[in-house]
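Below you'll find a set of structures to go through.
Look for chain A in each of the two complexes below; its partner is chain B in the first and chain C in the second.
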Partner chain A sequence: MAFGNKVPLAWRNLTESKPRLFASVAGAAFAVTLMFMENGFRNALLDSMVNVIERLDGEMVLVSPTLYTLSVPFSFPLQRLIQAEGLPEVESASPVYVTTRTGYWRRPDTGALVRVCVIGYPPEDDALDIPELRENRDAWSRPNVVMADRESREDQFGKFETGVVSELSGRTMEIAGTFALGINVQSNGNLVMSDRNMMKVFPELGGPSLIDRKVTVGVLRVRPGTDLDQLRVALREALPADVRVLTKDEFIAKEREFWDKVAPVGTVFLIGVVMGFIVGAMICHQVLHADISDRLAEFATLKAMGYSNAQLFRVVLMQAFYLSLMGYAAGLLVSVLLFDWVHHVTSLPMDLSRNNPLAILALTVVMCLGSGALAARSLISVDPAELFA
Partner chain B sequence: MVSLFPPPRFPPLAWRNVIHGGRRSLAAISGAAFALTMVLLQLGFLEAVKITAVNNFDLLEFDIVLLSSRYEQFYAPDFLPMERLRQAEGLDEVLGATPLYASFGLWRCPPYPLDSTWEDADQASQPGALDRWWAGSRVRRPLQRRQLFVLGIDLDRAPFRSPIREAILEHKARLRLKDRVLLNSLSHPDFGWDLRDQFHDWELEEHSVEVVGGFPMLRGFAADSTVLCSDDNFFRLCGYGSRGTINFGLLTVRPDSIDQTVDRLRSLLPSDVLVYSRSEILTRETNHWVHQTSTGKLFAFGVLVAAIVAAVVVRQVLSNDVREHLPEYATLKAMGYSTLRLGGVVVTQSLIYMVFSFVASVGIAAVVYRVTEELAGVPMRMTAENLALTLILAAFVGATTGVLTAYKLRSAQPADLF
Partner chain C sequence: MSSATLTSSMTRAVNRPAGEDIVIRALGVNYAYGTGETRTQVLFDNSLEISRGEVVIMTGPSGSGKSTLLTLIGALRTMQQGYLEVLGHNLSRAGEWERARLRKQIGFIFQQHNLFSSLSAIENVRMAAALAPGAVKKMNQRCEAILDRLGLADRTHHLPAELSGGQKQRVAIARALVNRPRMILADEPTASLDAESSQTVLDLLHELAEGPDKTTVLLVTHDQRVLDRADRIVKLVGGRIVTNTLTKVAVRICRALAATEALKGLGEATLSRLANVMTVEPRAAGETLTRQGEEGDRFYIVGTGVADAYKDGRFDEEKCYGEGFGMISSYFNRPIPSTVVARTDMELYVLTKDDFLNALADDHSFEARVRNLLANLHPVDLENH
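On to the complex of A and B.
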């Protein structure tokens, strides 16, 4: 910790009184926690809204031009997908049907009807990249069975377990197995079923013939080495204007953008993040300022002893730096525990690593150094003798 | 509090400590004030969820509501048979019964500027709340279609309270015509309320409609806009196959017979309907949005975290302040002040800080509330309850910190304090 051959003054200053060190670190730690939480809430919203899209096993997708969020599913005819499959670059094309408003699961123990998000696709297509769905393909290819998302809200649906028999929108269904996907801010539970079962439960997704089925997302797997931009142009030329061609990444970005920028809930969380940063920064400043001004007399002594302004300045900044690191470490620890708890209670994805931990670290350090520099300014301008007055 | 420790002096010592603290006091107050602002802000978010949960029912005129057994919340009401409403109407206590139809419908949102095309849609990105605020309608935005909530009513028995009642009355004659609607004047800017005079053929589902006027209805977390039309138009626009199903059955009953009628209806009607009195449905909606949705849960967590952080910060600020004043307290003790009296000064001083911080935080929060309302379009209200909660938090932490510090002063010798 020493710099050069001198006394590690900054470190000793900080650690001289344990209770005071504890109070300062706690203050900074809670500021860090506040920033993490506000960020975490916003990302929980955005991440959860794209959880289904991220699992789509393909490089490109076809969607209705009207679709602006998967929570409000719009469809295009299955025929477009068959046409797309005709292109040489397209290896396979699978339809995914989504309904968010018309599926009601009867909770077995209370008999209550609870709205559930239902996703359907041909089991052999593996349109969703979820191991349990792939491995149990045969089980959920049977008639009148569903696969249930274990992470659905248990307080609303009861426990989703293999073998449970209940009713989905008026039809008897058995849970053939479970998988882990995760809920989002718009739906509290997910079911996956085969396209054939889906057509039986939701006849409105069908049409006069097979090619008129109402597909929500068409997942395209392309041959390795295909240029996605060229394929997009080729698909646009081959298909009428009633479908939009997007890469998977664009689809994810569009969905996030909607919830971030258009939906009111995104804006509210953004304001939370901004206020979290402002308040967090204020708290860091407060902590450091108190710590430095408490020691003004000691610094004046050093100055009288012949320390240069630059040396004093460096001591203060080092002290600020150590404090910011300790505060950050403690805040990170508290945040890990809190994130886990929030995930446990809400079932929403709370992933600390996606919350710009480095940006928050940088901000904490910059804030503390800035406050340190502000506090140190009074050291420089003031005459040692006056500091004792 | 000061009067407990005679002889009283004016102004009290604690007050003078704060006032003469100068920048030091200011720093303490601003630190605590920002922490309390965060609490108020999170409480405001949670309050917004509660307000938007009940807001729609608040606007409707009814004593008892009939709902489908699949009813989830106002924006997912499902269907119940019209027959149930007729059965209810047969009761002596029921003075009026009117259906409300509600469904999501697809609205074509006008582009800015008006000549941009579908082609632009793939390139353009959505303007965020801040862009809209800075540039307003100058932000380029392609044509798009978005869902809004469509309400259908019997024009002669419109179940709305003022001011929507007046808006309907004013436009009643025109609403009877085919494909005429009222648009929510508080809609998200995307839906084009500001452009209503520049546009003719608006599009709802697959039909061209005309906007004949507006009505004010708060936006919520579930829908960004609403249109209102007659029941005849509603069936055509939203593709309801028969008139045999409704979404809400609204009943007005004879005064003082509400509970009794609810009981009678519950025993009379089959299990495919839910019967709620006005207060019951308001409670159910609040409960759903606060406890059953992830939105409500996240905001509740926000309140909790902000409260803990505020408590830590307030404690930190106050104990710093006391430490800085230690020599003065030691002097007072040496002068013969009793520990109790000294403790009184410390606690009073803490409370004065808290009052200042609280007032400052209310001021800052009021600004942030307005900004949120402007940018997110959700109602932010500072309720007396939330103000009281924050004040209690501040006072509680302030007082306990004061008492703890005073307790420490007790054992200290004046000489040591220097």
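On to the complex of A and C.
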């Protein structure tokens, strides 16, 4: 038997007082927004930290065994990449040089030096899968030019535009073009240059000979049909222990795991999500408990009439469920606006669609149902006999 | 404990149920709140039998235990001690599930209407209607019909906030009655109603009690209009039932006692006291009930059946329902005036000498009058009276 045989008691109780409904939904929406934002920041952070790795145009990579994050680059000799290219399964190998600590861009309008992440590789290798870099390969192959990430923070570097001339770590450079990559919490801006320019600006990356150049990431493109596990085994056997072999997916997972759990910036935001959940649960509990308290005599009357505790529980849980859906809808709307605003302000990759909206919905429903179940406990102790007192 | 044991224990005429279909059987019911040093007993050894279709008024001062007894009968509390059977459910050992099942057969009317402010009048009634299996369309028809019967046809879709106090209470009554419950338990149901609404509600309750469903109605009330229409009045004082009177039997006995020559002059209060202590005795057809000239120690009133009275061996008169015979010779100083033989199986209401004397103890005027008569008249004259 449907409770109340189509009398929508839960809905009516929830929506009876419009100001109260607004406050209830606002409370739930606040929690939903908090969870979305915290989770959004977490995902934005993790996504931003693997931004460069995701764009590496290869299936496998070689990195230094001591590299624990790309933001603190450790290197290995270029010779290992040449050795790896010797394997028949490897179609090509490209060196990528990264500096995160030693590159400083002089802001043209203020003259201030601002630290910038610089990535270098042979332009003809297309090591990064970014259309503008591929299309403008000739332009940035020239000496003393760089390609600039237009999503870099303008307030830090000024506007990155083609033709702008300034200094990179003491050397005059011209911006040959721009591309879109995105920043992260370690870097407010990115520049890409050819390996030749890179060696001029950062001679410490060079060595006594070409094969001694200090590569940060070696990008391997493998022939179609190659078994990556077998290739990894073969590479490990062929190369000495001063280099580590990873698939691109493993490299991404490793980088994410570092920022998520070791750093542990991701965990901090995850705690934020949990806090949002707890705050939301408390708000929902208060809302539902207050509503039940106001209607205790009515519920006691239902109990006297023969309604079971389970049936009364169902009313409160339905009320909690409706509250969760309304709170989620309102929270989602607010979050869409906030995501857009945060992306605009920080340039962080705030993408709601990558933010597990269904997981947040499930969390919201669980949050409301859980707090509803807690609030409904008072119904068990309702004594209909007191109505005759 | 068996039902038969319980029934046989109810020998006072006015205590007995009006019919054979017993819906409430209570024996030795005790109840206490709290435990240990805070334990307070509020019901003491109460016994009661009520049959289907009775309208029972429970009265008594505040704190007398009437609400507690009502909540026990309504399966709203767990029994502690004694035996209680309601609508065939043994509540002495019923769990919460069985008590909830029983409550679905009971209509509750509380002093407060306790309507959901978020639901319209008809939706509040439908909350109760939904407990009875059936099609939604019929359920709605039932709800509309009961609201219409209570004069709320034009208020069915109004929220409680849009109704007057009396209208709210009538919606609550409609909610209690919509499933045609086998029993109605009501706490001051007419307290917040005007005279016309009260009359409507009382008419409806009596209709239910007298109609084909023969609904049993238990009301806690002090409303005189309700008292006048009760089948039984149960009064509790200090946690004990001090009066449990089936009114029509009490009235019948009082009338028979008042018509008895020897008891003429008894006040209404004394007659009521006598009626309340009379017991019931079954007698078989052909049995000689009294013998003329013998010493008697009882008065009899015919409850059911017919008897023949003989004087000096000759048929004198027929003794039917409500008529009395017998004599308490030691008090009136005269023998039994006639021989009475049961023509059919009979049920007699019996007043023993001890009960008679106890009941008379407070009626000094009657006793003085009898003594005066005894002192001044010859025994033959007294016999003629």
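The definition used in the following text is that the second predicted complex is superposed on the first by the 345 of 389 C-alpha atoms of A that agree within 3 Å, B and C clash if a C-alpha of one lies under 4 Å from a C-alpha of the other, contacts with A are read in each partner's own complex, and residues count from 1 in each chain.
FYI, contacts are C-beta pairs under 8 Å (C-beta built on N, C-alpha and C of every residue); 3 or more make two chains touch, one makes a residue touch a chain.
Predicted, not measured: the structure shown is a model, and the values here were computed from it.
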| item | value |
| --- | --- |
| Chain B versus chain C as contact partner of A:361, first or second or both or neither | neither |
| Partner chain in contact with A:374 - chain B first, chain C second, else both or neither | neither |
| Partner chain(s) touched by A:9 [first = chain B, second = chain C, both, neither] | second |
| Chain B versus chain C as contact partner of A:34, first or second or both or neither | first |
| Partner chain in contact with A:329 - chain B first, chain C second, else both or neither | neither |
| Partner chain in contact with A:82 - chain B first, chain C second, else both or neither | neither |
| Which of chain B and chain C A:21 touches, first, second, both or neither | neither |
| First, second, both or neither for A:308, with chain B first and chain C second | second |
| Touched chain A residues, chain B compared with chain C | B |
| Touching both chain C and chain B, counted on chain A across the two superposed complexes | none |
| Contacting residues of chain B [partner chain A, same complex] | 24, 27, 30-31, 34-35, 37-38, 41-42, 45, 48, 69-70, 72, 76, 78, 104, 106, 118, 121-122, 125-129, 144-147, 188, 190, 219-221, 224, 292-295, 297-298, 301-302, 305-306, 308-309, 312-313, 316-317, 319-320, 323-324, 368, 371-372, 375-378 |
| Chain C contact footprint on chain A (complex, rising order) | 1-7, 9, 12-13, 15-16, 295, 297-298, 300-308, 383-385, 387-389 |
| Touch list for chain A against partner chain B, complex | 23, 26-27, 30-31, 33-34, 37-38, 41, 44-45, 48, 65-66, 68, 72, 101, 104, 113-115, 156, 183-185, 188, 241, 244, 257-258, 260-265, 267-272, 275-276, 278-279, 282-283, 285-287, 289-290, 293-294, 338, 342, 345-348 |
| Complex contacts: residues of chain C adjacent to chain A | 67, 70-71, 74, 76-77, 97, 100-101, 103-104, 108, 110, 112, 114-119, 123, 126-131, 133, 136, 139, 175, 187, 220 |
